[in-house]
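These are the structures in question, set out in turn.
What follows is chain A paired twice: with chain B in the first complex and chain C in the second.
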Partner chain A sequence: MKQAFTKKMKRETGTAYLFLSPTLFVLLLFIIGPIVFAIFLAFHKVQLLGTMSFKFVGLDNFVRMIDDTRAKIALWNTLKYVAIVVPCQTMLALVLAAALNAGLKGEKFFRIVYFLPTLTSSAVLTLIFMWMYNQNGLINRVLESVGLPTYNWIGDPDVALNAIMIMNIWATAPYFMVIYLAALQDIPDSLYEAAELDGANAWQKFWHITVPYLRPVTSFVVIMGLIGTFQLFDQSYIFSAGSGGPNNSTLTVVLLIYQYAFKTLGTMGYAAALAVALAIIILIATLLQRKLSKEESLY
Partner chain B sequence: MKRRTGIGKALLYVILVGYATITIIPFLWALSSSFKTLEEIVSGTISLIPKQFTLDNYKQIFVEQELFPRWLFNSIVIAVSVTMLNLLFNSMAGYALARLQFPGRKSLFLIILAVLMIPAQVTMIPNYLILKQLGWLNSYQGMIVPTMVNATFIFMMRQFFINFPKELEEAAELDGLGRLGIFFRIVLPLARPALAAQAIFVFMGSWNDFMRPLIILSDPQLFTLPLGLNSFKGQYISYWNYIMAASMVFTMPVLVIYAFFNRYFIKGISFTGGK
Partner chain C sequence: MGKTKWMAALGITTMLFGSLLAGCGGGEKSEKANGGSKQGEKVEVTLAGWGGNPSEQKLLRQTLDDFEKKHPNIKVKYEVIADQYMDVIKTRLAGGQGPDVFYLDAFEAPALIETGALEPLDKYVTDDFDINDFEKPMLDAFKGKDGKIYGFPKDYSTLALFYNKKMFEEAGVEVPKTWDELREAAKKLTKGKQVYGFGVAPELARLYYIAESKGGKVVTDNKASFADPKVVEALQPIVDMHLKDKSAAQPNEVGATWGGEMFGQGKAAMVIEGNWAIPFLQDTFPNLEFGTAEVPMINGKKATMAYTVAYVMNKDSKKKEAAWELISYLTGKEGMKTWTSKGYALPTRKSVAAELGFDKDPLRAPLVAGASYATVWQNGTNLPIIVNNFNNQFVSAFLGERPLADALKEAEKTANREIESK
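And then the complex of A and B:
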C-alpha cells in the first residue's frame, strides 16, 4: 500500500514538472537568469564588439550616476510625470466608474467607448496625438476657437512632457475604471440605504461609503499606476524620435537606459546599473505606498 | 443608489457624455484624416467629414510601401504564436500549481509571484545579450520564445483551477483517464472563459508591444507593425494622411476582436486586476 502511494506521488511529481517545464525554461533563461546577469552587468564594463567581454569596475557605474546631468534630468522628468499622472488617472478612473455605476441608461455604450484607448497600441495613440498636437492641429484649433492660448506642444521644452501626460492620463484612466467598476458592484446596497435613511446626499454617500470601501482597490490601482508610469518609454521615444528632446524635456529614465544600452558604445554596463537603480526606486515607491495606505486606514 | 434627483442625473450624464466625446474624438479625427487628401490635411481645416473622400492613402500604404503588408504579416505570425503558446503553457503551469502535489510546489509559486513584480527594464539588456548569443536577434523565435509564458496568467489560471470542481476529474480518473488525458480532454475545454480572457490580453500585449521589437529587430523585413509604423513616420514625416491610414489598419484587428469578445474582456480585467 505504502509503495503504491509513493509510486503515485512519483508519477504526479513527474507530470507536474512536465507541465511546468516550458515555464521553468523561460523563467530560468529569460527572467531569473537575466536578473542575476543584470546585477552582474551593473558592476562591469561591457565590450560588445568582437567577442563579448566584461571588465569588473566595482561601483563605478553607480558613482557615475551622481555626475550624470542627463540621468538627473531623466529622473526629475520621470518623478514629475509619476507625481502628476498617478493621482490624476486614479481620480478620473474613480469618478468615471462611479458615474457609470449609477444605473443610468446607455451604460454599455459608454463602457465600449471608454475602452477604446486601452485597446489601441501606444504607438498608434502617440501618433494620433502627435497629429492632433500639431502647431496647426486639432487641439490648437479648438483652444483658439474658445479663446485659450495655443502651444507648440511637441517643440516647446516647457510643454512637451505635459502633452505626454495629458495623453496618458486620457489613455490609462479607463483601464483602471474597469477595475473600480468590478469593485463597486461588491458594495452592499444596504450601506447606501442606511445612509439615505440618515439623510445623506449623493456626495456624502460617495465620500463616506464608496471611497472608503474602495480603499484596497485604490491601493492596487495606485501601485499599478506607479509601476506603469515609472516605466514610461514608448510615448517619449516616439514623441521625440528616440532623442528625449526637445532639450531633454521628454527624456525618461527608461529612455535613457535604452540610449545607453543600445545607442552609445561602451555604456551597456552603466545602463544595467541604471536599470537596477530604477527597479529599486520602483520597489521603494510601492512599499511606501503600501505603508501609507495602511496607516491611512487606521483613521 | 436608485432614486436620484433630476439635477444629479443631469450632472452624471454631462460627465459621461463629455468624457465619451473626449475619448472618441481622437479616433474619429484620425479616421477622417486617413480618408482626406494631403491638400486638405495641410490646409488645417477641422471638419470631421472629408471634403474629398479618398482611398488613396490606404492604396498608398499597401501598394507603394511594399514592407507594410510584410509588417502586418509579421505581427500576425508573432501575436498568434505567442497567444497559442501562452494559452497552453500558462494553463499547464497553473494546473500543476493548483492541483498536483509535488516537492517544490510552494516555493515555485512564490518565485512566480515575485517575478510578476520585476520591471521589464531590468531584464531587457541581459535578454538582448542572451538572444544575441543564441543567434536569435532578428528572428521570430527571438520574439516568441521569451514571451511564451506569462507569470500574470499562470497566476490567473491557478486561481481558476483551484475553484474548479474536483468531482469531474475524479470521475474521469475512475473511467481510466490519466493526468494528461484529464487535463487535455476534461479540464482545458471547460476552462474556455478563462482562456478567452487570457487570449485577448496576450494577443493585445504582443500585437501592441513596442519596446521588445525595437530592441530585438533591426531588419526592416522583420519589423512588426508598431516598429514599422514608427519608421514609417520617420520616412513620411509630413504625410499625416498616410500615417493615419496605417494607424487605422493597425488598430482594426484589435477592435474586431474586442467587438467579438467584449464580455470576456471585462471579466479578464477584473480577474487580473481585481482581487
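And then the complex of A and C:
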C-alpha cells in the first residue's frame, strides 16, 4: 500500500514538473541564468567585443572598489538620496491618504488627480521637470515672484541631486498613497468611535489608531521605497545626459554600473561586481528595516 | 489511463518548447537566407547611424538611392539609432547582431579598433578609390596600431568663432584675432546677466586645443597628464572670464542646452562652435545676423579642433563585399559630393572640397581654413575615461568651487587610477 502511494506520488510529481517545465525553462533562461551569469562576471575580467575573453581574477573587482573614488561618491549620493526620499515619500503618502480618506467633498476627483503622476513614465516626467527646472523656467519664475532665491537647478552641483529628490518624491508618493488608502479602508470604525467616546481629538486618533494599525503596510512601503530609491538611474541619467555631472553630484551606483558596463570597454566584470555589491547593500538595508519595524507577519 | 496522461503532458510540453525555440531561432534563420549572396540574388546591407536633422536625412537618403540605382543587386537598410548611439552599437556588436556598416566617431575609434570588432579595409581598396585624396589627419584617425585602415572618414567639422554682428556693432568691437582681444571684447559685450560676451562649453572636447596651447599635454602615453602647470596656465583664462570678468557663461546658466542655442537666443555675443551650428542658426533663428571667423590665435599660433566620423565595417558581417561597395561609394568622390553638397558637413576629400568651393563660402571659409592646423579629437584608447574625469572636475573649477590646479590634479589622479586598474 505504501509502495503504491509513493509510486503514484512520484508519477504525479513528474507530471507536475513536466507541465511546469515551460515556465521553469523561461525562468531559468531569463531570470536565474542572468543572475548566475552576473555573479560569474563579477569574478572575471571580461572583454565582450571582438574577440570575447573571460579571465578569472578572483576578488580583484571587489578590491578595486575600495580605491575607486567615483564609486564612493556614487554610494554616498545614493545613500543621501535614500535617506531623504524614503521617509519623505512615506510620510507624504500617509498624509495624502489620510486626507483623502477623511470623507471630504470631491474625494474621488482628488484621488485621480493625485494618482496621475504615477501613470507618467519616469523618463517623460524627468524631461518635463528639466524643462520646468530650466534657469528661466516655471519653478524659478514662481520662486522669483514670491521673492525667494532662484537656483540653477540642473547646472549647480549643490542643488542638482535635490532637484531630482523633489521630483521623485512628487512622482512616487501617490503610488504608495494608493496602498495606504486601501489599508485605511480596513481599519474598523468601531476603534475610532471608541476613541471618540474617550474624548480623543483628530490628531490623537490619527497618531494612536491609524499609524499603529498601518504599521505592516508602512513596512511594505518603506521596503519597496528602499529598493526603488537604491536603484535610482533614469532620472539622474537623463538629468546629466549620462555623465552623472555636474561634478559627480548626480552620480548614483546604478549609473556608475551603466557607465562601466557600456561606456568604457573591457570593464564589464567590474560593473557586474558593483551590481552584486549593490544587491548586497539593498539586502542588508531591507533586513535592517525588518528588524527595526519588528514586523514579521506580512512576509 | 496513466499512459495517455503522460502522452498528453509530453505533447503539450513539446509544443510549448517547440514554439519557444522557434521564436528564438527565427531571426537567425532569416539572416542566413539573406546572407547567402548568390548571383542575381538581392543582398541587403544594414547601415546604422545617428539621426541628424531632416535636411541631412534627405541628403543621405538621396545618396543611398543613387547607390542602389548603380548597384541593383544591393539593397541598403538604413537604421537610425537616435539616442546613446555608441552604447547601442557596442551592445549589438557584442551580441553578434551588429549592422554591416556603421558610423564611428574618431574619438571612439582607437578603443573599438583594439577590440578587433572592426574589419580592416586595406585589402578592399583599389587604385581608383584614390586614397591619397583624403585629408591625412582625418584618415590617420582611423588607423590601428598595426597601421591598417579601419574606416574612411565621411566628413568632418572644425570649430570657428561665431559672432553676433548687431551686438558687435552696438558695442563697437572688432572681431577678435587673438585670445587677449577676445577677452577684452567679451567684457565690452557683456550686459549683466542678460547677455554674456562669450558662451563657453566647459568640456575637454571643446577645450583640448586651448589646453595644449602653452606646450603642455593633456594625454601622455595613454594616461592623463592634464595637471601639468602649462595646461593649467592655458586654461586659467577661461575660468577667470567666468569668475573674475563675469563675461563668460556656460549655456545651462542661461537656460540653454548648448552653445548654438545660447548664441541664437542672443544670450551670448560670441561662441566657438562647429559647422553644425550654421544650418541650425539659419533654420531656428532666421533673423539672426551672424558671422564666422577663425578661432582667435593663442600665443601667436592658430589652433582649433576637428571632429570626424567614418564608415566602418563589422568584422562579423556576412556580406563584406556588398558592405565594401557601400562604403566605397559613400566615401568615394561621387557619394561624398552628394552628401556634402549642402554644406551640413565638410568633405574629407580634397578634390570634393575644391569642387564644391566651400573655401570661398563666407560662413564656411573659416571652418575649411581650420582643417590644415586643427587638432583631431582623439587620443588613444583611454580618452573616454580621461574626458569623463576632466569634465567633472573642470566644471567645479569653472563654477569657482576650488582652484583650477587642485581640481585638475584630483581629476588626473582619479583618471589614472581608473586606467591602471582596468
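Operating definition for what follows: the second predicted complex is superposed on the first by the 271 of 299 C-alpha atoms of A that agree within 3 Å, B and C clash if a C-alpha of one lies under 4 Å from a C-alpha of the other, contacts with A are read in each partner's own complex, and residues count from 1 in each chain.
The criterion applied here is as follows: a residue touches a chain if its C-beta (ideal position, glycine included) is under 8 Å from a C-beta of that chain, and two chains touch if they have at least 3 such contacts.
These figures come from a predicted structure and were not determined experimentally.
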item: Chain B versus chain C as contact partner of A:Pro246, first or second or both or neither; value: second
item: First, second, both or neither for A:Gln231, with chain B first and chain C second; value: first
item: Which superposed partner A:Thr69 touches (first chain B, second chain C, both, neither); value: second
item: Chain A: partner with more touched residues, chain B or chain C; value: B
item: Contacts of A:Val142 with chain B and chain C, given as first, second, both or neither; value: first
item: Chain B versus chain C as contact partner of A:Phe129, first or second or both or neither; value: first
item: First, second, both or neither for A:Thr15, with chain B first and chain C second; value: both
item: Partner chain in contact with A:Asn152 - chain B first, chain C second, else both or neither; value: second
item: Overlap of the chain B and chain C footprints on chain A, listed as residue numbers; value: 11, 15, 19, 22, 26, 52, 134, 136-137, 262
item: Complex contacts: residues of chain A adjacent to chain B; value: 9, 11-13, 15-17, 19-20, 22-23, 26-27, 29-35, 37-38, 41, 52, 95-96, 99-104, 106, 109-117, 119-125, 127-129, 131-132, 134, 136-138, 141-142, 170, 174-175, 178-179, 181-183, 189, 192, 202, 205, 216-217, 220, 224, 227, 230-231, 233-234, 237-238, 241, 254, 257-258, 261-262, 268, 271-272, 275-276, 278-279, 282-283, 286
item: Parts of chain B lying in touch with chain A, wherever the complex brings them together; value: 1-2, 4-5, 8-9, 12-13, 15-16, 19-20, 22-27, 29-30, 33, 44, 46, 85, 89-90, 92-93, 95-97, 100-103, 105, 108, 111-112, 115, 117-130, 132-133, 145-146, 148-149, 154, 179-180, 183, 204, 207-208, 210-211, 214-215, 225-226, 229-230, 233-234, 240, 243-244, 247, 250-251, 254-255, 258, 262, 265-266, 269-270, 273-275
item: Chain C-touching residues of chain A, taken from the complex the two chains share; value: 11, 15, 18-19, 21-22, 25-26, 47-52, 64, 67-70, 134-137, 152, 154-157, 242-248, 259, 262-267
item: Chain A partner contacts - residues on chain C that touch it in the complex; value: 2, 5-6, 9-10, 12-13, 16-17, 20, 84, 86-87, 90-91, 93-94, 111-112, 114-118, 250, 252-255, 315, 381, 384-385, 388, 391-393, 395-396, 399, 401, 414, 417-418, 421-422
